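Note that chain A is present in both complexes that follow, paired respectively with chain B and with chain C.
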Partner chain A sequence: MFPMRTPFVIRFLSALPRAGWIAMGLFATLTLVIMPALHLFVPPESPFHVSAYVITLGGKILCYAIVAVAMDLIWGYAGILSLGHGLFFALGGYAFGMYLMRQIGRDGSYQSDLPDFMVFLDWKELPWYWTGSDSFLWAAFLVLALPGVVAFLFGWFAFRSRIKGVYFSIITQALTLAAMLLFFRNETGFGGNNGFTDFKRILGYDITAPETRATLFALSALALMLTLLLGRYLTTSKYGRVLAAIRDSESRVMFIGYNPLHYKLFIWTLSAMLCGIAGALYVPQVGIINPGEMSPANSIEIAIWVAVGGRGTLIGPVLGAGLVNLFKSYFTVAFPEYWLFFLGALFVAVTLWLPEGLVGLWRRLKTRRAA
Partner chain B sequence: MTRFLISFLFCWLAVPAWAALDPSLVRQLTEEDSDRRIEAIQQLLVLPEAAPLLQAMADDGLMVGEDRVFIFTGETALDAATGEPIAPAPEAYESVMVNNRIRSALANALAAQKLSDTDAQVRLEAARELQSNAGLELVPALARALKTESDPTILDLLALAHAKASLESPDPEARLAAVTDLGARGSREARSLLLPLAEEAGEPDARVRAAATESLREIESRLAIGEFLGQIFSGLSLGSILLLAALGLAITYGVMGVINMAHGELLMVGAYTAFLVQTVFRTYLPEYLDWYVLAAIPTAFVAAALVGMVLERTVIRRLYGRPLETLLATWGLSLILIQAARVLFGAQNVEVANPTWMSGGVEVMAGLVLPWNRVFILGFSLFVLGLIWVLMQKTRLGLFVRAVTQNRPMAGCVGVPTGRVDTLAFGLGAGIAGLGGVALSQIANVGPDMGQGYIVDSFLVVVLGGVGQLAGAVWAALGLGVVTKFMEGWWGAVIAKIVVLVIVIAFIQKRPQGLFALKGRFVES
Partner chain C sequence: MTVEAENPAWEEQAPAIGHVRRPGLDVSHKVILYLEDISVSFDGFKALNNLSLAIDAGELRCIIGPNGAGKTTMMDVITGKTRPDSGTCFFGQTLDLTRMTEPEIAHAGIGRKFQKPTVFENHTVFENLELAMTADKRALRTLFAWLGQEGRDRIADTLKLIRLDADADRPAGLLSHGQKQWLEIGMLLMQEPKLLLLDEPVAGMTDDETERTGELFKSLAGKHSLVVVEHDMAFIEQLGGKVTVLHEGSVLAEGDLATVQGDARVVEVYLGR
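Let's turn to the complex of A and B:
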């Protein structure tokens, strides 16, 4: 499609059609300017004021949307259903959570240099893997590197022996289950059951201040947009086509002379790193990270966001993550008894009647009208 | 010592059962001083005819009144020494106080008395009771019982009690013999008795110390073997549960190539069926309550199979050829089933009791007790396995299931009704899960999310064993169970789980098709 000489910037820009750029611009205006401004500068009495609850919920959903896009990159475009993406999300969250824990300083309940839970366990010094956790840059590096390395190693072994389909899915589920059990232990050094919480500051700023909230919200939106652009760029490139070919018939791709291992491994690792970023943005907004994030149920819920929105599209996962989570935050308060029934029915209904999700439904309606 | 000899003599002379007891000894039982009273008990314990008296004293039925000591059973008063009725019964009397020290001396004395009972079961119980608190005073009684006892189990217990009691003996020869004897038969408890004897502070005699050290080594090696076998057993027990959970999964995965994430919930259906059957028995057939498990087995099979077939007909069938979506849909079904259980039975665990014949255990060797419920489950899973083997190898349905597993289109071409086979195979797999649920209800908690923990493990079994391979599933389940239990012993449950996962992943590197790979053209679809 593109000759080799085309400058990268132009290739990047042309990854989106004009309508796409317009939509992106509107989204950017809304999330980077309007929402933060309404939160910060409009007085709470005003009907236009955006409350802290809305900003936090919005930020949370934006983070989920990043995870959904990351999930879609491997499931929708490479045909690999991961049931362990919650692990990478949580790893990113924990990596950044370590930094946030150190930022508490001596303001914890025990007024110690060590995080409270370590004082509680009667530890005298930080374990070796906490080295450097007081540095933001190191934390930012870990947010990318930790999920990346775990995913790379796991993926390398799994893809090399050509584990695929449901085998791969279940093994990723086992992986996140094992990690959850590991993090539940106090000896692991990540706060056990309770995980990390009671954060006070981020980069020296008060973590609950409206300005910090608005910034984190805007950063999440920015991260989501960059993820979408990256996804668009990858999926429309030659790489993306090989990936889709692997999804559709792996053995044929091998016979043509490609090695699927590298293609799958790259997108797998990238997807895990994106989840790590989402996790790192999620933790300071929600204010807690615990091993529950690694539970298999959480990971499999990510898949349903993608399925509801429509996999194999980039806008679908964003829609799905948004709708399902908005609905969830309403439903679990209004009818807590029935949420699991609804969620279960959603899993069944979407797979049975909406295999291509909402985006697929929209497309079908459009073609019907055109016909 | 002379007192004992005298009482021994007395005992042999007192062959007629209702010979009178020494009245002064009986009176000594009622004295103020506990030591004197205990002395009297110890002298009485070797006399078989003292049994009713001691029993009465233990039951607070020994009375003193109007200068007589008598046993009062509510209506008649019997003279404590002669056993003859006293008429009229004394008007004023009070019961002989029994404090804790005396009570335990009485319990020992009564147990020692029972050692000469004609019923072997009574003797066995008495010997068991004497294990924990036999003291020096019981040595003669135990020695006597040792001479006459013929039952090997009781003999063993008696020898153990005798050796323990003799450890307190002032005679070094007796202690030496006891220490050696303990080395030959003792277990964990004997070890703690011997530990002080192996040190200078606890034992003055050097020979006894050496013997104690030697005995300790013997006991420890025996304990290690017991522990090893115990771990193998608990591994097999875990493996048998995994097997019941995995067999059904292996069949459905083999036939349809889909993973049923609601499989764990079919276990739950089976377990709740067991609970319901138990409730029905408790309400309507309380006299047969012990046998509710036998009724629960077929009921759970049918209930789980029905649920499974409904799921297959309504959902799974429509997703044919889309295994990943089936995974998600069945996950949704499992959420619905869990929540349904929560609404119907409450979020708390329900209580499913072991029948009496399944509680307790059998002591195979020192320090190794096999609980009956686990033995039952092991046997049960082997029985189910045998049944499935017959079904798969010897029946027409089994033939069809194997054919569809190997090559669905070809099976269809030669006239196998693949659709019906799917439903039946799914029902069969679900039914086996239901059976697993009954088994699980006997050893684990029954609650709405009890099945959640089993899907990953049982899938690992299927992966390890190879798809559609019964033999593979058996080896993989039992192997995984044993390996897990051993690693749990070394490193704890969490690390064990992680290591098992790593082992499975590493294993798939070498043998992607599992332990027992299918061979031939149908391997790669």
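Let's turn to the complex of A and C:
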């Protein structure tokens, strides 16, 4: 039959409208070519130079944007509000952090083969779960597998028991809190409350070199674009329509023969794995990962990015993550003690007056102009 | 027919995640649905009380009864939403409905229209039909599902039948009450069920729409089996099938409409004592 033979590429291309591809192309030019070039080849005296601070902040925000898109897939399209997505982000970060710790080699303060914190704890050898952590490929595998397995197991039990709505949200919040407490313990073997830091190298390259920074920035941008394309493909496919139907009326979907468990479990696990990738790109750029990333407040912040940008729009959460974090980096310097109050007020304001976020506002203005 | 239907591999495959393939529907003894001594109670209230009922293949059966007689609970038991406290419930000779999940029952061939029209309001009319259409409904298969020409034709035919072809691209939430009822009937037909359970299908329809619905149901009987729960006596008269009266969770009377209406106990239940 004809449609089965329609090349997958064509199906994929049709997931995005023409304007979407143009925007994507502009974004790619900016993040893959212009920004890295301005950082690397323009001398620091020039007004066009992009500083290390900007490129790192940009890379960090790109990682957050990936998390926001992952969150939108599960919250906006499947109607499942996770307040524990920071956990999956941190797990990806820790999985890759293990590799970065091993890359330090004997350049740590104690000049030992073991990471500094293990020497400090008087450990004589690596714990079994650090086996293979010197391999980049194993680390890359763990970045996907660790959040994936945790999410799959948790999701399997939660969705099978038909836990929904606020109950699900509260349990995810408890999950990330429990993981944070676990990682705070020195005996857990992940550096306790200091976590991992003082990285020196990645794949043998100096981690603070401008070339490395520019590459990581470009990789983050690429990962974000691929995440957006994947999200767009998923949500415009029949799978996405079933998912939205489950969100709107789960029992009805069951009576027409779909099993919501598998639908939810797939998007939930995928969403967690995307967060893992974001975490792995984040850690080498900011140079630290500690259990603070698993704090409940972090996960709530992710939900706020999505709400500000507009749920169920994919592009909205990217804008939300960008704007809130740009503002945060200014605000936490100018008025550090008021940031959390501001964040809370922002969430209340968006919920009350902008239920569909910035994208919803844009659409409303557009239809008003048309009318 | 869908793309997937051409590739029957999924029918034969070993049990995939969650989908245990069961023996197909066997109606060799004429009966398609068989309920015996079904009891369901909620917090001590007996919604169904030793209910026994048999529907023949191809039959059009109407079920009436005052509010709280257990009509909706009975449908819940048949579709797997509610598990009975006791009793047996078989689809054909072989399928024990009390041991199957909602999606499994739907796959086996029982379709249900709810009392309150429940369509997917944010999806278009077309998409509502697409979701309901028979296909491989497992999650990973729908990821790569692509609607073929045959599928489009089937949807177009159904759209014409339910007279919503002009509204195909509108969100279903914008339809009138009667149109939603029709859309839900259309969704039911897209599933190609062997047994259709219809809970108050003509509520909120105009007289003209009601009559057309009646014609449609009569044309479906024979090929499909239908169980219609209704209050509208004129509609039941138009359908002309056997009528079962439920009262306090069990069958009070059964027969053609005239016989049932003449039954002294039925009159008492409806008029009060």
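Simple rule for what comes next: the second predicted complex is superposed on the first by the 369 of 371 C-alpha atoms of A that agree within 3 Å, B and C clash if a C-alpha of one lies under 4 Å from a C-alpha of the other, contacts with A are read in each partner's own complex, and residues count from 1 in each chain.
What we mean here is this: a residue touches a chain if its C-beta (ideal position, glycine included) is under 8 Å from a C-beta of that chain, and two chains touch if they have at least 3 such contacts.
Because the structure is predicted, anything quoted here is derived from the model rather than measured.
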Message: With both complexes superposed on chain A, which partner does A:249 reach: first (chain B), second (chain C), both or neither?
response: second
- prompt: Of the partners chain B and chain C, which touch A:170 in the superposed model: first, second, both, neither?
  reply: first
Message: For A:234, using the defined touch cut-off, is the partner it touches chain B, chain C, both, or neither? Pick first, second, both or neither.
response: second
Field: First (chain B), second (chain C), both or neither touched by A:123
entry: neither
Field: Partner contacting more residues of chain A (chain B vs chain C)
entry: B
Field: Touched partner set for A:21, first chain B, second chain C, both or neither
entry: neither
Task: For A:266, decide between first (touching chain B), second (touching chain C), both and neither.
output: second
- prompt: With the two structures laid over each other on chain A, which partner does A:136 touch: chain B (first), chain C (second), both, or neither?
  reply: neither
Field: Footprint overlap on chain A, where chain B in one structure and chain C in the other make contact
entry: 251
Residue ranges of chain B in contact with chain A within the complex: 253, 257-259, 315, 318-319, 322-329, 331-336, 338-340, 343, 455-456, 459-460, 463, 493-494, 497-498, 501, 504-506, 508-509, 512, 524
- line: Residue set of chain C touching chain A in the complex reads 3, 6-7, 17-19, 79, 81, 101-103, 106-107, 111-112, 114, 118, 120-123, 127, 130-132, 137-140, 142-150, 187, 191
Query: What part of chain A is in contact with chain B in the complex they form?
result: 75, 79, 81, 83, 154, 157-158, 160-163, 165-167, 169-171, 173-175, 177-178, 181-182, 184-185, 251, 296, 300, 303-304, 307, 337-338, 340-341, 343-348, 350-352, 355
- request: Show which residues of chain A lie in contact with chain C when the two form their complex.
  value: 1-4, 6, 8, 11, 234, 237-239, 241-242, 244-245, 248-249, 251-259, 261-263, 265-266
